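Next come two complexes, and both contain subunit A; in the first it sits with subunit B, in the second with subunit C.
Entry: the complex of A and B
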């Protein structure tokens, strides 16, 4: 595959399946591996990327001790003949992304225009439109984040006991993924963070904001949900049923 | 009922069903009137309040042209023999709350210790524990807001095109309801707002914050969802099925 890829137009996907999923109350089985409509959540997500036809290579970043099982699952369940590349993730989300960048640098054509679409494995309902809009926005602005206008009121509290502030909802968005970047710039930005910055970061777009670099907004979709809690699996099954109806 | 109520310990519920629900793509039928498991969403919510046994009176604030239908629906579907009082709502959420306070002042015993629990009609899965915690916190602190730790990354953007900031998620909470207050103090705080403040407010707790008054946090529940979008009705049906299982 790699020999056909032109670095200047290369688009890589990094599906982030590194989380331990302790919020699911099922620490032995990360939630990206739970079965949804006959195949693991992760496989649905990989298929969305593969079927889109937008990617020159798709990486799947999984916990280091799940590499073999992840390869097996993709081989067994992926209906699109996926040749997704399984790569061990890191301790935290940004370490995992750095592993993806490292793999691309070492094994795939890459230059300053090559694009990396990072996406949560536990968001299996990402749409073709969202992926396309990510590519367009990242090519134009260098980085983009997929968001929805906030439907909840957001409350700030430093101590978790009393409200400090309730910012105007009209300027707030709830983050989804993908988050999309130029591969080499992303490596440079993440590599420039010191330990304090790294520990305060929940995501890569925030690193761009910290460094004063532009991040464009891309409109997400209410169906592009994240499977976090056990009840989310029921919601996902319901959404899957409708998608197939 | 009113003659048995002691103002100092009075607890009133205001179920806010005033919304037009245009986000559901069904402007003729506000979403609080959609059927869920054989009865309107609103009726589920009223029943939660009635069954709790915590309230001296329950007001239902509905669109002015839905007063008669709301009374009919409560009579027809409410299994707990509800004597909820239907009161016309106002143009905006805080106007609706002011109508509730006005009704209480005119018709029910009230003093500075009387409590008003305000709640979205479209959150039918509020729990007894949440209601109790609201009463406790409002008695102690004067006001409280029901929230969940933010699970989404929150993104700030003034222009809706580029990211301005991504605040630390650890200090952010997603607001649910109930929001609970001392009745008379709430009327005083909302009455003190000028038009600019009123138009910038999405909820009553924010009015307290603007006036420097304390608002305590009460822990919500991921099941205490708000029915906003059409797909939320399917999620709600799934949650209802489990609650009855």
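Entry: the complex of A and C
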């Protein structure tokens, strides 16, 4: 596969399926390994990337002790013959992304124009349109973040008890994923952060903002939900309609 | 595979729904790129079908005219990135005597099953036709309509007697234009006479030998065979005029859809020994014949390009509604959705 990829136009996907609690028999395991319809959530997400035809290679970053099981799940459930590469993730989201960049550097063609689309495994409802818009924006601006205009009023509180400020909703957005970057630039930016900055990092786009680098907005989708809480599985299942009218 | 389908839930109401769509080992996944709105879609969109039909068929994704790009091919017959026209008819059996589009067991996208307003369309490889490179996407989008005309002409060719000196076409809309054009190309020595109600539309039939307003048509004018491309309220008067104009033992090809029964002057039909036959939809062979026509007659593409009325970006429910509303207001031509949803 690697021989056929041109570094200058290469597009890689990194599906972030980290998280603790993957031990056998744990009813509270990460949501990406729970079944949605007839497949694990993670497999739906991988299929979405694979079917789009937009990627030269897809990495799945999973907990280190769950690599074989992740491969098993992809082999068993992925209908599009996915040859996604399963790579151990790190302790934090940032480490996991660094592992993805490391794998690409070591095993796949890469140069300063190669693109990496990072995405939460627990967002299986990502669409072709969002993926395509991410690629377009990242090629033009270097980095992009998928967002939705905030619909709830956001309240700021330093101590968690009293309201300090209520920022204008019209300039606030809620972050989704994918977040897309130039692979090597992302590695350089993340590598430049000190401990303090790393501890404040909630996502990779923030690293760009800390370094004053541009990040473009890409319109998300209200259905591109993150399956986080137990009740989210029920909401996700209810979003699925019948296959034929 | 999770796939988002944009179904018409009720007249003028589109609703996105995600389905877990199974992929077979031979399935081809196509990302639609340009979709073309047909009058049949408009009848659902506006709620002009009977309430029984609407209750039975909705919610359902509309659109049966479209082109797209292969993104995944389990069959090995096509390659990712290839541009293909999607064939909406899906036969479930083979019948040596009956064409696939007339079989009662066949399924049709945007009528019996979901149409092409989807994030991805999953089809078997034999329901996809590769087009030549020179075909512009907005024209490629309504290849299905061209295939319907091709199908009717192929049937005419096998059913009509050999005197094709003068061919009359009733209807100055999109279908009338395409049927007339294809007849012009297929029978270069025949006289092509087009009858219509609108002088400004007939002015665009530049390849025809003669165009006539139906209200001014010479009652003594005769044609060897006639094609009805009106449908709706215009069917009755057109068919009546055709029966009067066709020479004995000629054929009447009926292509226009009418929601109501149409009276026929059977006395004249009997006296003249006329043959009336219906023609509806098309099948794979007709699509292939159109692809071949595009290759052999590139001038046809220039004429067809004139039918592209507007291209509307469809990337949201609101823009899909805008496309259908724009299509409603157009006098003629095709409204194409550049599909980014």
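Note that the second predicted complex is superposed on the first by the 233 of 245 C-alpha atoms of A that agree within 3 Å, B and C clash if a C-alpha of one lies under 4 Å from a C-alpha of the other, contacts with A are read in each partner's own complex, and residues count from 1 in each chain.
The rule we apply is simple: a contact is a pair of C-beta atoms (placed from the backbone, for glycine too) under 8 Å apart; a residue touches a chain by one contact, two chains touch by 3 or more.
The model shown is predicted, which means the values in this text are computed figures rather than measured ones.
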Have a look at where A:239 lands relative to subunit B and subunit C in the superposition and call it first, second, both or neither. both
Using the superposition on chain A described above, determine whether A:155 touches subunit B (first), subunit C (second), both, or neither. first
For A:125, is the partner it touches subunit B (first), subunit C (second), both, or none of the two (neither)? second
In the superposed arrangement, which partner chain does A:217 touch: subunit B (first), subunit C (second), both, or neither? first
Between subunit B and subunit C, the one with more contact residues on subunit A is chain B
Quick check for you: in the superposed arrangement, does A:171 touch first (subunit B), second (subunit C), both or neither? first
From the superposed pair, tell me which subunit A residues show up as contacts to subunit B and also as contacts to subunit C. 223, 239, 242
Sort out for me which residues of subunit C touch subunit A in the complex. 1-2, 4-5, 7, 16-23, 29, 31, 57-61, 69-72, 74, 80-81, 113-114, 119-120, 315, 340-341
Subunit A partner, complex, touching residues on subunit B are 141, 145, 147, 150-158, 160-169, 171-176, 200, 202-203, 205-206, 208-209, 214-217, 222-223, 226, 228-229, 231, 234-235, 238-239, 242
Would you mind writing out the residues of subunit A in touch with subunit C in their complex? 36-39, 44, 47-48, 50-53, 79-81, 124-125, 127-129, 132, 223, 239-245
